[in-house]
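Common to both upcoming complexes is chain A, partnered first by chain B, then by chain C.
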Partner chain A sequence: MAASAHMLGRLTLSWLAVVAAAFLLLRLMPGDPVEVFLSHVNISAGPETVAAYRVQWGLDGSVAGQFLRWLGGFLTFDWGVSYQTGRPVATDFAARVPYSAAIGFGGMSLAVIAGYALGFLAAHHPDGVPDKLSRSLAVAGQALPAFAVGLILLWVLGVQLRWIDALGGGSVERILLPALLVAFFSIGSMSRLTRAGFLEVKSSPYFRTALAKGLSPLGALWHHGRVAGALTLIAGLAPELAWIVGGTAVAEIVFGVPGLSERVVQAVNHRDYAILQPYIALVAIWMAVALQGARLLRRVFDPRVA
Partner chain B sequence: MNYSYLPRTLAAAAVSGAMMASATVHAEEVTIGQTFLASGLDPAEGSNGWALVSHGIGEQLFRVSRDGEVVPNLAASATPNDDGTWTVELAPDRFFSDGTPVTAEVVATGLNRTGEANPSARATAGLLTFSAVDSDTLTVATEQPTTILPSILAEWAFPIYRLEGDELIFTGPFAVEQFEPGGSIEMTPNKFYADAEARPDITLRRIADGQSLALAFAAGELDMAFNLPVETLAMLEGKSGNTVSFPVAYQYMMWMNTRTPALSDPRVRQAIDMAVSREDLVTAAQAGVPATGAFAESYPFAAAGPLPYDPAGAAALLDEAGWSLGEDGVRTRDGERLELVVYAYPQRPDLVTFQPVVRAALADIGIAVTTQVTESPSEVAASGEFDLFLWAQHTAPAGDPGLFLSLFFETDAARNYSGWSDADYDALIAELRAAGDPKARIDLAQRAQEMIADAAPVAFLVTPEWHVGLSPALAAYEPWGSDYYVIRPDLGVAQ
Partner chain C sequence: MIRLLLLAALGLTLALLWGVDPHAIDLGNRLAAPSVAHLLGTDHLGRDLATRLLWGALPSLMAIVLVLLGGLGLGVIAGGIISLGPAPLRDTTQWLAETALAVPTLVTALVLSALFGAGVFTVAAALVVTSWAPYALTIAALFDRIRGEPYWHATQALGVTLPSGVGRHLLPHAWPALGALAGADAGRAVILVASLGFIGLSADTGRPEWGAMIHEYRMFLFTEPRLVLAPILACTCVTVLLHGMLDRRKT
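Take a look at the complex of A and B:
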């Protein structure tokens, strides 16, 4: 009980430090939100209009005062309104999170399933075709720009082959290609992690014993390695899951999906602190949850961790 | 009981009945892709008013015509009163999309609400207070005196709407059926707007990335792709539909900081203005037309142009100003080299593209230029810590030249980035501010531009162009008005 309270206290302090640092850093970003807004909407406004917006957006007063005002609002679920759109931030987030979650979790699920299978096959036959494919995907995931891959997907599947109405179809069609894009960039790393887990088992005495008992290499590897493969995958999955919230911006922008990540990119361009600040606060909470969740999951699979 | 609505309501019923009787219900549907979409439907919030008018959902009392003139829309007229207020007469037989008539009381309620909530609605003449005199007449009191109320009422902050509980109802040619913020808007023709049967249903889809917009158009998913990146036009050649380009009212210009020692001499500024080839800038940006002055050529108050390109004359002006060409190709005066820094900002990529062109042009007349890019253009410009600053500005968003000419050039004005000061110019702008007659305002605006050209605190460079992809269904559509009037009453499907 005391340990849990200690951990909760530590997490709360870390969260406060992150949001306070983010609050300060946002204000050090070049570009004044009011000036950016006015230039976007072509208002040649005088100082009175600028001052009116500052008051309306809570940008008057000291930075410390602004932070305390924002923190109080955030903790009481009064997240204010976007500078850019005037819409309540919470409403905006609620409308957009489902898209980002579907793309992020859908893509990551695809990546986990495909990566696990590919990693298993790659470990079974090192330097074979699955292994080479796994390595190529891992390199491609690191080297290729996501924007370019997204546009190629759109060009090939949407324009040339016309297999999918990527930008104008129903909700499933709109999610499919973005999720594939997210999966493409994770399958390689997932398969390499899984492969490492399986390979560790292959070098163990009990694996050789299983072979000596007459099990096929594929059957022995699956029987003795599937948990080890899953454990290494889970260990690598936690940081991947952490960036799901906000990490799908390219997919959303390329495929015109009104998700949260795309909104955050807009907010950066418009210096819309009202969107950015709660977003950072939520991501910090999500990361803590994702990392703790992964730790718990590993305990379930491997009691030694506990 | 108030029967004043009765004739209008009967008229609305007649219009509605005629629509139903014609039974030529809009058979076509079109899909339009844009990089921007209304964030909400409340003009009192953010810049929603702009998007609502652009999408054909909302309308103002006045609007800017294709020829750049402010013309009546939901209003019939606006006349100044002796006490400084204005009287606005509403146009007859105009209705909201639910069939209720547009009355002075409803207009006043909506616009007063917007004015209280949205600082943009108070930017030009302070708070405007609307009062209904009768069902067709309003008086408008302005916090600051103005002679251009019609132009102010054409600003994007002033769409007319009626509040029905939490719902907002507008008067534009299209009515909102379904709205997904950030994603799409489904619209149907407003049955109570003239010629509704000629208009299609519209799906307005937001595609934030220009490349994706072009690909969606190439795939045949869109009937209109608004504001395509210039580099995608070649890819779209040979595809179904065509692309059209049109000049927009944003102007690209270059501020010259008159507070710096070198640029305090008007001859040096004039030399710079004459040394830059506007044609070369157009080539670099791959689109646009050379600017003739502060305003796009479509405006009646635009300067005649063309602006001079004369490198030899520019060199002679620098000689006259005492800047002698050195052996290294850079001019000096009293041991000081003629070196300038030109700023641009990445939010307007064309301006960054212009930097090397400007540098090469000025190098040809002996001015050494270094380039800088800033993320904070307004801050740098306001600080006065620059020599030359490439800038983009919509110079007449509401169809009037006055605000730009005063706010950016009058002595000590809030955005007088160049620091230029001229008593004769200030007097001319005071005259412009007081002038109500449109012809007189045109004449004064053109004279002001001549004075600016003579003193050269700024070089007006290029009027940019935007590009629109149109499927055969919308082949007859002609874009104009930048992104202020994209979906207009005349948007119909080609037969």
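Take a look at the complex of A and C:
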């Protein structure tokens, strides 16, 4: 119990550090958001209008005070209004998060399951077809640009084969294809990680004993290697989880999904920090939860990790 | 590295020899099919596609150079600190490196674009921030291993100073592993520049850049796929080449 409280405290601390650093960075930038906005909409405003906007956007007072107010608002789902549109950020995000979450989670689960299975088969028969497939997928995942693959997919499926409605459409176009795209770029490296774990088992004495007992090679590898394979996969997950976030953004934009990323890109162009701050906070929560989840999974599977 | 520079020089000379302005608009010649005058045809403003493709390589090459210098430099220094530095500094650096592993590059690039405006330098900065960690951790692991070797103990016994010991006995072992990482990073730099251009964040939409071109020509995907496929192919070829060139390690 004490251990989990300690863990939660550490997680919260590092989340706070990231969010505070981002907040400070955005605040220290030259260019007052209020003046940028007013010059954008061509309003020549008096000082009292500027002050009113400052109060409305929570830009009055000291930076520390601003941060605390923002943090309190964030925790109570009062995320303020977009500088650009004036609409509440929380309702805007609430409509968009499901798409992004479905694509991200879906892509990650697909990649883990497919990568694990492929890694197992690749280790069973090194240099066999699954092994070659896993190797080429790993290279493709490193070397090909995600948006290019997505666009070509769109072109082939939508224009050449006319299987999908390329300009919008239902859940297939909005969730399944983007999730597949995200998964495609992760399967290769995940299968390489899994394969390494299985191969280590294959070279150990107890695996030979299992074979000598008369277990089939495939059965013995599964029985004795499945945990080791899962462990190396989990241990190498951090860069993949980071990729999932970026990959989801690219996939959303390629397939025109009304998810978070589309909004965030607009916000970047307009320096709309009211959108960027909750986005950074959400991404930081996702990364912290995902990494901690991976660490916990490791502890469950591996009694050696204290 | 030398080959990279050669490639860059080659690209530039070609563009200069061509003598065609990538910005030259020729509205009488819109969406022309490939011909001798326009090897890949022209775009919706009558600009020559081949010239624009060549000039589009420039931002990517700049990003590669910046990322390799910044990421490798920081990584080697941080790796040295993790392996050889004093305890408190070492632990902090190690924690930083492990955290940096989990930072999404694209999100970093988005935030930096909001702060400093989009551009090659922003992309390079985002990549440096997220790419130094693997170098550092690889170097630290390697140094730790070598410091258990008898020849390292021998250098210590002989009184070789730390800097010359590092330069002579530690770093030479690190280059092959770092080269492989650098190949991947150079490829990622090209991809990130193009990705940001594609999602509509490039410094100057008029300047040719592969991602920005794909963004601009996106609406012609169905009618003139050539306009979109050419920059995609250019970008893909370069990343695949980079992987083959710098990553000689076979997995």
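Before moving on, here are some points about what is shown:
The working rule: the second predicted complex is superposed on the first by the 233 of 306 C-alpha atoms of A that agree within 3 Å, B and C clash if a C-alpha of one lies under 4 Å from a C-alpha of the other, contacts with A are read in each partner's own complex, and residues count from 1 in each chain.
Rule of thumb we're sticking to: contacts are C-beta pairs under 8 Å (C-beta built on N, C-alpha and C of every residue); 3 or more make two chains touch, one makes a residue touch a chain.
In this text the structure is predicted, and so the values were computed from the model without any measurement.
Once the two complexes are overlaid on the shared chain, A:Ala228 sits clear of chain B and of chain C alike. Once the two complexes are laid over each other on the shared chain, residue contacts for A:Leu151 go to chain B and to chain C alike. By the document's definition of touching, of the two partners only chain B reaches A:Gly86; chain C does not.
In the overlay built on the shared chain, the residue A:Val201 is in contact with neither chain B nor chain C.
When the shared chain is aligned, chain B comes close enough to touch A:Ala52, but chain C does not.
Judged by the touch definition given at the top, the superposed model places A:Ala143 against chain C, while chain B stays out of reach. With both structures placed on the common chain, the touch criterion links A:Ile253 to chain B and to chain C. Once the two complexes are laid over each other on the shared chain, residue contacts for A:Val159 go to chain B and to chain C alike. In the superposition on chain A, A:Leu110 makes contact with neither chain B nor chain C. Touched by chain B in one complex and by chain C in the other are residues 151, 154-155, 158-159, 166, 253, 269 of chain A.
Across the complex, chain C is touched by residues 14, 22, 25-26, 29, 135, 138-139, 142-148, 151-152, 154-155, 158-159, 166, 192, 238-239, 241-243, 245-247, 249-250, 253, 261, 264-265, 267-269, 271, 273, 276, 280, 283, 287, 291 of chain A.
Interface residues of chain B, counted against chain A in their complex, comprise 31, 33, 39-40, 42, 44-48, 50, 119-120, 122-123, 126, 156, 180-183, 203, 205-209, 211-212, 215-216, 218-219, 221-222, 347, 374-379, 393-394, 397, 403-404, 407-408, 414-415.
Residues of chain C touching chain A in their complex: 98-99, 101-107, 110-111, 113-115, 118, 130, 134, 184, 187-188, 190-191, 194-195, 198-201, 211, 214, 218, 221-222, 225, 228-229, 232, 235-236, 239-240, 242-243, 251.
Within the complex formed with chain B, the residues of chain A that make contact are 30-32, 35-37, 39-49, 52-53, 56, 81-87, 92, 95-96, 151, 154-155, 158-159, 162, 165-168, 253-258, 262-263, 266, 269.
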